[in-house]
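This is the structure, below, for whatever I ask next.
Chain IDs A, B and C follow the sequence of writing; residue 1 opens each chain.
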Amino acid sequence: MNAVEAAGVWKFYGDFPALREVSFGAAAGGCLALLGRNGAGKTTLLRILAGLARAGRGQVRLLGGDPRDRETRARVGVLGHGISLYDELSARENLELFARLYGLNDAPRRAAAWLERTGLERVADARVREFSRGMRQRLAVARAFLHEPRVLLLDEPFTSLDDRAVELLQGLLAEAVAAGGAVVLSTHQLREALELATHVVLLVRGRLAHTGERTAAMLEDPGWLYRQYGEG
Amino acid sequence: MRERILILLAGIAAGLLAHNLFIILLQLPDERLQGAVFRVIFFHVPDAWTAFLLFFAAMVASILYLATGNLRYDAFAVASTEVGLAFALANLVTGMIWGANIWGTPWTWDARLTSMLIGCLLYAGYLMLRHAVEDPTERAKNAAVLSIIAFADVPIIFFSIRWWRRMLHPEPVVWGGGFMSPDYWRMLFLNWAPLLLLAAVLLAIRMRQEEQQRELEALRRRAHAL
Amino acid sequence: MMRFLRQSLAVAAKDLRAELRTKEALNSSVAFALVILLLFSFAFEPTEDQTRQIAGGLLWLAFAFAGALILNRSFARELANDCLDALVAAPLSGAALFLGKALANFVLLLAVELIALPVFGVFYGVNWTRQLGPLMLVVVLGTWGMTVVGTLFSALTVNLRMRELMLPMLVYPVMVPALLAAIQLTSPLVMGQPLDGELMVWLRLLAAFDIIFTALTLALVETVLVR
């Protein structure tokens, strides 16, 4: 049984089919890169996997359970386009809030540990509103990982990250995979993402065009896969 | 087949209505105190009963939609609410005609009319909400929630407004059970029948329209997907 | 149960903390309430006696209109930075999220009202503290009714284009019984009448409204939050 499973997923926005008959699985201990141009449906698919939206048709399973189940949600980490942090709260307050929402008993300690890990301990009590972009992203990463999720769903996580943040994220993801977690991340074709990936899935206009292992060829020339499927 | 049933029902409704109107206008004597315009009550009161029934049905359909996810219930809910709103407005208009006749002024903040007016605002809000949401599933879901809240509120609204008016105007309302002869009661119910039939016909037509709209959307989706 | 409460309180604390740091909604709401009170006194120039008689309507209209600003902000504040997504993805029941936000809104609404009341007393030259205890009870009950319905509709309308218009249009008709009861109770209390006799019917109505709609909104909120 795969850690992440999608079967026959369709999603409609009014008339428009954003996803058509998408079926794939991501195993534990692996990292799946979800490739596709803008508008191919990557974000839509990730949102459905994360339980933020409902599939029009088809089924989604995370760790064998419905993404909307609370027990399942407690073991899933989500990093979307927005940083999902409150500007008016301090870094520490943000992390403690989410630690509490995820049912962690030692929220202050956990938050402090992650602040150190992401190099933000010196600005722990400053408001997020004052942070630079790189700092915000590192904090967002802390928020996504702090409850030690078994499944990680990330939407274009490496886009416009500074070097420090890229290094941090790559390290955390590698750790998660090594510990037996499952990672699904979407990306255009960034090398940083492809390096980590063990498997690759390509979405073309809402349909699954390719699924398979991530090959060395893909790493050398990320655009290769797109050209295979006429995406140029 | 379906069209024929609807036409049949409409025909029966029309027939009953004609029959009733004949009696109402020509055979029933003028009511002692209120004169000829009093006859509008035979539409005014059943309009309210019909509107309530339709709003109640809409709430039930909304609950069923939330429980099953079947959009057919959503189509029923919107059709029922729209037709109910039409009857509610008819109730208000006939009430104002009657009021203008008996009290000299169309609007006197009478408890029943005021409550019905608030009900109209509630359900007009329901229709506004539907127009504001584009995704059909989201629309159905949010509208269902509103429909349930609205109908739960209806009895509370009626009670509160009635208590408010009773505190201000302790005299009894002019017409009531005691003032009406059995002939009138019989006619009230007799006239409710064609109105119910009319409601059923309108409901069926509107519901079919809503479902056809959805079929069209689905076909368009499939065409896009090809 | 404990977890539910802890999560609700975490959400409530978060909302209050964020609002108290910017005071955007709070300031505009207080300003709006004061402007309404001011405009009414220009428009109608009531005598002290008249004011006491219409105090209920005057105050609750000001509370209702100013309150809409706070209620609107409630779920709207989650849209920035995609915070709503993170909340919905967290293992937080819809009811816990709703309750947390409702509690925060309740506190903020009360704050606006407790600022508006003394200002009302000063502008209109009215002593409104003769039945302070019962009056506070009515304020609390009426505000809770408005909070609970308004918070649900804030969630319902969060993604709509015309949210600022739709929220009041949907909330006010639903609120009619509670507003009516609150108004009918407030005027006599401001006039110094004790809370008994016929007024108890209004109090019971207000309490019933609160109980029914708290239950109903808690039951329906999960449906509204997952799209």
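We adopt the following convention: a contact is a pair of C-beta atoms (placed from the backbone, for glycine too) under 8 Å apart; a residue touches a chain by one contact, two chains touch by 3 or more.
Computed from a prediction, not measured in an experiment: that's the story for all the values here.
Colleague: Please find which chain has its CA centre nearest to the centre of all protein CA atoms in view.
Modeller: C
Colleague: Which chain lies the greatest distance away from chain C when centres are computed from Cα atoms alone?
Modeller: The most distant chain relative to chain C turns out to be A.
Colleague: Just curious, how far off is chain B from chain A if you go by their C-alpha centres, in Å?
Modeller: 50
Colleague: Taking each chain's centre as the mean of its CA atoms, how far is chain A from chain C in angstrom?
Modeller: Each chain's C-alpha centroid was found; their separation is 38 Å.
Colleague: For chain B versus chain C, what separation do you get between their C-alpha means, in angstrom?
Modeller: The answer is 32 Å.
Colleague: What residues in chain A touch two or more of the other chains?
Modeller: 54
Colleague: Considering chain B alone, which of its residues make contact with at least two other chains?
Modeller: In chain B, the residues touching two or more other chains are 135.
Colleague: Touching at least two other chains at once: which residues of chain C meet that condition?
Modeller: In chain C, the residues touching two or more other chains are 227.
Colleague: Sort out for me which residues of chain C touch chain B in the complex.
Modeller: Against chain B, the touching part of chain C is residues 149, 152, 156-157, 160-162, 166, 169-170, 173-174, 176-177, 180-181, 184, 198, 201-202, 205, 208-209, 212-213, 216-217, 220, 223-224, 227.
Colleague: Of all residues in chain A, which touch chain C in the complex?
Modeller: 47, 50-54, 68, 70-71, 73-74, 76, 78, 80-89, 93, 97-98, 100-103, 127, 143
Colleague: Chain A touches which residues of chain C in the complex?
Modeller: Interface residues on chain C, with respect to chain A: 3, 6-7, 10-11, 14, 17-18, 21-22, 80-83, 85-93, 226-227.
Colleague: Given the complex with chain C, which residues does chain B contribute to the contact?
Modeller: By the definition above, chain B touches chain C via 66, 118, 121-122, 125, 128-129, 132-133, 135, 138, 141-142, 144-146, 148-150, 152-153, 156-157, 159-161, 163-164, 167.
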